[in-house]
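In what follows, chain A forms one complex with chain B and a second complex with chain C.
Moving on, here comes the complex of A and B:
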């Protein structure tokens, strides 16, 4: 029937964008922000970061709409020529692989720490990759359907778990607002960029939308959901733990969940249970990254998409083992943050500028005449 | 720099890389091969069950001889020769004893033929056309008469219960339909009982089943299309749909698959189901089967297609989704608030029947800290003296429950009760007292068993029960993480699966307001203004008024 197309609907797109944005950041962002900002104004940084991300999204959308149904890997050649275009594509693929491996590695570390202390991390990681490749080989539609099906579930559970933390919430921990002026808030923008890395995947996915005209709506809703979730998390965690304690916790989110206790419920410790659900979210983010990378490889080379995704499995596995401990993993995260800044803001902005100056635009009429 | 070289020199990394790629590639190749197995077409010689070189002539004796040659000399085939009325013309009636209403045959066929008065009808005895005319228009008192020359059709009709009338001087055969055979009366369907709803199930006779459907509506758009399946047995198969609701693409797809199927005998609609389903390697049933006419009617009014086979009360409905497997017609007959709650209960039961034992295994053998301390202590206390790890304990119990269930189904009813009693004693009491299993395990296993019987569709229940074992193994290997992975893999499989082009998880992913009204909850009937969008019906509006 009509569902057999290779295009994704607007709701699927929204779910895709939000699940690309929320993943491991929910564990790392609070601590990184607390270290950089130092005042209780963490949530203002998150909000500003979100607004900035929305602007970058708008740039990406207007760039993509100039080249209808072409992915980033295809249209960058049209704008900056074959060589620089290929270079950009390769960079983008490497970047997507890096995020993907980062997610899986963090997932593995968390799982090992909270759930399976004696299982080697390679076993955890490899089993996750196998499940992922089962999904990846079947293309974008099942991926979009899975994300559409599971993202609302994980988000709901996350919101519930965080709201349970209101038991230990103290408003005083959030005061004073802007006590040291605006400078600490601006310092907090760098970790937010890392967290909101993922918007640049729109560069690839807009081409597959059924109704590309709704891309702006997608950008707005798809960003609003993760941003509000991050703000909620940051506010509740700051209120529950205070900034000083957040700096000293490895994973403040879990610290918050460990802080409160509801006796007489079926489970007493929510953090492991929450992790089990959040695994799914990290898995989804990884799948999006891997898909983008495999799509890129398939566009650049003569490999089919399936073969490309099998081959990239080796690459992702390799990359995810490179950081030897959590500190290096954190450094990898910072590196990803800066690359993300480049790919979500600098590259699209430059490309849009060049395309606009050269008057490049690919419409349906031109396509049919060409 | 040195660290990188050191990293690159690590053999375990390289080994892992090889493993991580090789296993999926190999299993993908294997599954590809398995899938191709089904598509492989065997070229087989065309079989002629009826010799096609025989033709009907104007000579009665030779015609009777040819029919005898085709059907052989079975004892149940009756050849009756007689003379037509006052005339000396030879006639012959051929039919199968037991498939024909003897009284009607005598009254409506034999009597008028033997006592006919040809003179009145100005019969020209020398023209075969006029004999035929005379027989059709003046003599035989049967409404369903066909006249044909094709010998294989004649033979098929004879064997399916029609009466053949052969007349000397006519190179055609009159096929009279006076069928009657023993058939079951319409009863309450045993496999799908309802508290409230019609006490009527399909029976084995296809014509009666179509009549039951026809009785439910006078909509002229209700259409039955006939097919013949089975190279050798040529069973009648009918698809039922509402012409102005069912989507054309769906209809052509169903027809194409039915025409493509190649088998010599379809014993039950389960054969058809397995031959037309999308993925034979999937554990989920991809076609719904039911013996309730009201369910079929509701389904075809939603724009789905029913496939009915002669000789079985089970009717197939395509396409099917996972949510359909957890719906019961009763959801719509009772009021919406309790039925919505019951439907939610069914979803919970489906989840429990797959995941409950595996959660127990994961908690007890990996994450004792997760459950309340008192409970953990209680479990540990009851497990003192149990010699096996949890997975073995769980497997023991699960397998014995499945054994009991299977024995209960197969045995005659009085013996079945004994099995239940003995099973309850052995499993409930003796196993615990002997220290083989812990009492909490017994609770877990029985709760799981009960929730697996909640599923309104038997075949969906079986699927969930088998999935439970996989889930238990993954929990035994990787604990909660394993369950999470298994859940993901299950979701991925469901997401990839399609039934006649419709994603199996619809409406779980198709975020349509209309379809969610009838998914986890069953909202009041007045809110369901449109037919479910998931089947793409041609006529979407169910209620005009807002």
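Moving on, here comes the complex of A and C:
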């Protein structure tokens, strides 16, 4: 396909959805899960959470397919009217900005803690923004291409680094399965679902797909990849560290990687490798968020997309510096999680219901007649 | 001829490049001290109750030549007193002109007095919090001064690394406990279970692994030491060993050596009406690698069966000895019976985990050992009488 078009292929879409989902959760989910669940059944929670996310994806897909080639920002007005629609759009833009800032800030905190102790966090954060804006200003096509190129690579390295943790794996740490019944598993659904925020971006991206009919396939594969990575990570971490220790480790994923050492291979330790790959992934997630927000602003106002993305840069920078410490950052994460629940489940479900009741549908024939 | 715009852009790029070369966190490797080992001892006064020996690898070359002052010494030990680990580590700055990094830490040796006075969790706190210390260093105990142990100078070796390398021998003998990494110790401390740490002693110019120390869960303090032979029992009971030898005698008093290729230990818990018992099932497979009996035919099935039975009896004896010490003297479960119980009775374990060591100490233990000899080596003795 040609550079500069505004459409993305199915493969690109799958890569985009997976990398939007693999983000800071890979560091925070294991501990949050362990705290809530407390038994070795963490992986079951993750699996159920993944299935639930798939259902929400299906809702989003069927909603978007009713309004072909229109983004969320455009079709919500058709369903609920101008005012509520604008309100929803503004909320969605704010949410995308928040999640982007959250990812960038978490990225900064972790980089500072593990890699660049003396470097001011603003420097880490700003250097990330600059690279991002260079990519962002040219629109969706280069973004999708970059993601398509990087995601397979990062996923491979993720999987390898996590699998290497099998050296310290003990199956007994995962047993017994459902020892205390199903209740602990259900408690784990909240953090899991909050981690899988990112599916709601489909609301915007399906409109740009070359073959929107394949959106269901995208939802399935694009969700299956990150969910299986999360399950793999949770299983290996539980086996390697034990649930008790996961509760007491701020970043269990990193603790697992610090636990093993391979002598006589190319690398002895894998922390840096993992962090590098993870930074790429965080960057991609951030770019997706920023793109969605800029697209929204451009749709709502008369600003061009390019100008909007430059302006949002400032907003993102300020939002990301609001939390003063890690605890507040974590609170922000929870807030994002609940907002995500609203935008990936409640809003699409309601919109779909209203659209269905009012019989609203916009396909190609209507469009040409309109 | 380049246009003005291109020149301008080009020089701008060059200026930006300048920024790239400077890294906030760069430090030259020649100017870093790498802490390879820690030795924790009691300090003698109240103001400074902890004495920390830091073993720093020598990376410095002086005047273009390797340091010759102490021939063949690859490390430098610095012993300082203080009231907290971090404080002592920072005091190193007064003695060592380059900053000390702990991300290559290999070994932590703790003196027995410190271990019986302090909660182990407190002693390890700094290392667990620190962002560069990994959870892979081995934790050991010693009956001597930890600083002295680290001071042993073995030619061409850094003592801490030397000690850590002992654990590579795990498959040669049952008298070595598996390496206990800092991370694993943490897991035990957090889960509130007792933990066993290998112990190290220094000879004149050597160091050796020598039994193990038991840290009880009640207060995370040292309960006592086990000997080499009792460690053998621990390995049989926990199933964590990598193999090694079983040394026993046939009924005529001839020495037999059985080499374990692999073995499994399975404690089966039973819990009824508040009564806890364990059925320990051991299965092992291995070779006969030395047999002092001159009169036996080692190809005869009867003979092999007899050796297998005798080996099984010996293993039971070893385990009973260790178990008695664990249950009566120390009252601690360091053979991970809690794991099998947790898996079999998850709900009961939730209630019992606080006083698990007491339950363990009062449990009945039965043994069921099955030893298999799959090979008797290259030599065939036909069992002729002298």
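Note that the second predicted complex is superposed on the first by the 364 of 370 C-alpha atoms of A that agree within 3 Å, B and C clash if a C-alpha of one lies under 4 Å from a C-alpha of the other, contacts with A are read in each partner's own complex, and residues count from 1 in each chain.
Throughout what follows, a residue touches a chain if its C-beta (ideal position, glycine included) is under 8 Å from a C-beta of that chain, and two chains touch if they have at least 3 such contacts.
The structure presented is a predicted model; accordingly, all values stated were derived computationally and were not measured.
Participant: Contact-wise, after the overlay, does A:310 reach chain B, chain C, both or neither (first, second, both, neither)?
Facilitator: Touch partner of A:310: chain B, not chain C.
Participant: Can A:119 be said to touch chain B (first), chain C (second), both, or neither?
Facilitator: both
Participant: Applying the touch criterion given at the start, work out whether A:279 contacts chain B, chain C, both or neither, answering first, second, both or neither.
Facilitator: Only chain B is touched by A:279; chain C is not.
Participant: May I ask you to decide whether A:244 touches chain B, chain C, both, or neither, giving the answer as first, second, both or neither?
Facilitator: The answer is second: A:244 touches chain C but not chain B.
Participant: Taking the superposition as given, does A:322 touch the first partner, chain B, the second, chain C, both, or neither?
Facilitator: In the superposition, A:322 touches chain B alone.
Participant: Considering only touches as defined above, state whether A:301 meets chain B (first), chain C (second), both or neither.
Facilitator: neither
Participant: Touching A:260 in the superposition: chain B (first), chain C (second), both, neither?
Facilitator: second
Participant: With both complexes overlaid on chain A, does A:138 touch chain B (first), chain C (second), both or neither?
Facilitator: first
Participant: Which chain, chain B or chain C, is in touch with more residues of chain A?
Facilitator: B
Participant: Just to be sure I follow: which residues of chain A are touched by chain B in one complex and then by chain C in the other one?
Facilitator: 115-116, 119, 123, 269
Participant: If we count contacts the way the header does, which residues on chain C are in touch with chain A in the complex?
Facilitator: 23-25, 131-132, 134-136, 181, 183, 186-187, 190-191, 339-340, 342-344, 346-347, 350
Participant: What part of chain A is in contact with chain C in the complex they form?
Facilitator: By the definition above, chain A touches chain C via 39, 113-120, 123, 168, 172, 175-176, 179-180, 241-242, 244-245, 247-248, 255, 258-261, 269.
Participant: So in the complex, the part of chain A that touches chain B is made up of which residues?
Facilitator: 1-4, 11-12, 111, 115-116, 119, 122-124, 126-131, 133-135, 137-138, 142, 145-146, 148-150, 263-264, 266-269, 272-273, 276-277, 279-280, 283, 310-311, 313-314, 317-318, 321-322, 324
Participant: Going by the contact rule at the top, pick out the chain B residues touching chain A in the complex.
Facilitator: 3, 7, 12-13, 16-17, 19-21, 23-25, 28, 247, 249-250, 366-367, 369-373, 478-485, 487-489, 491-493, 495-496, 500-503, 505, 508-509, 511, 536
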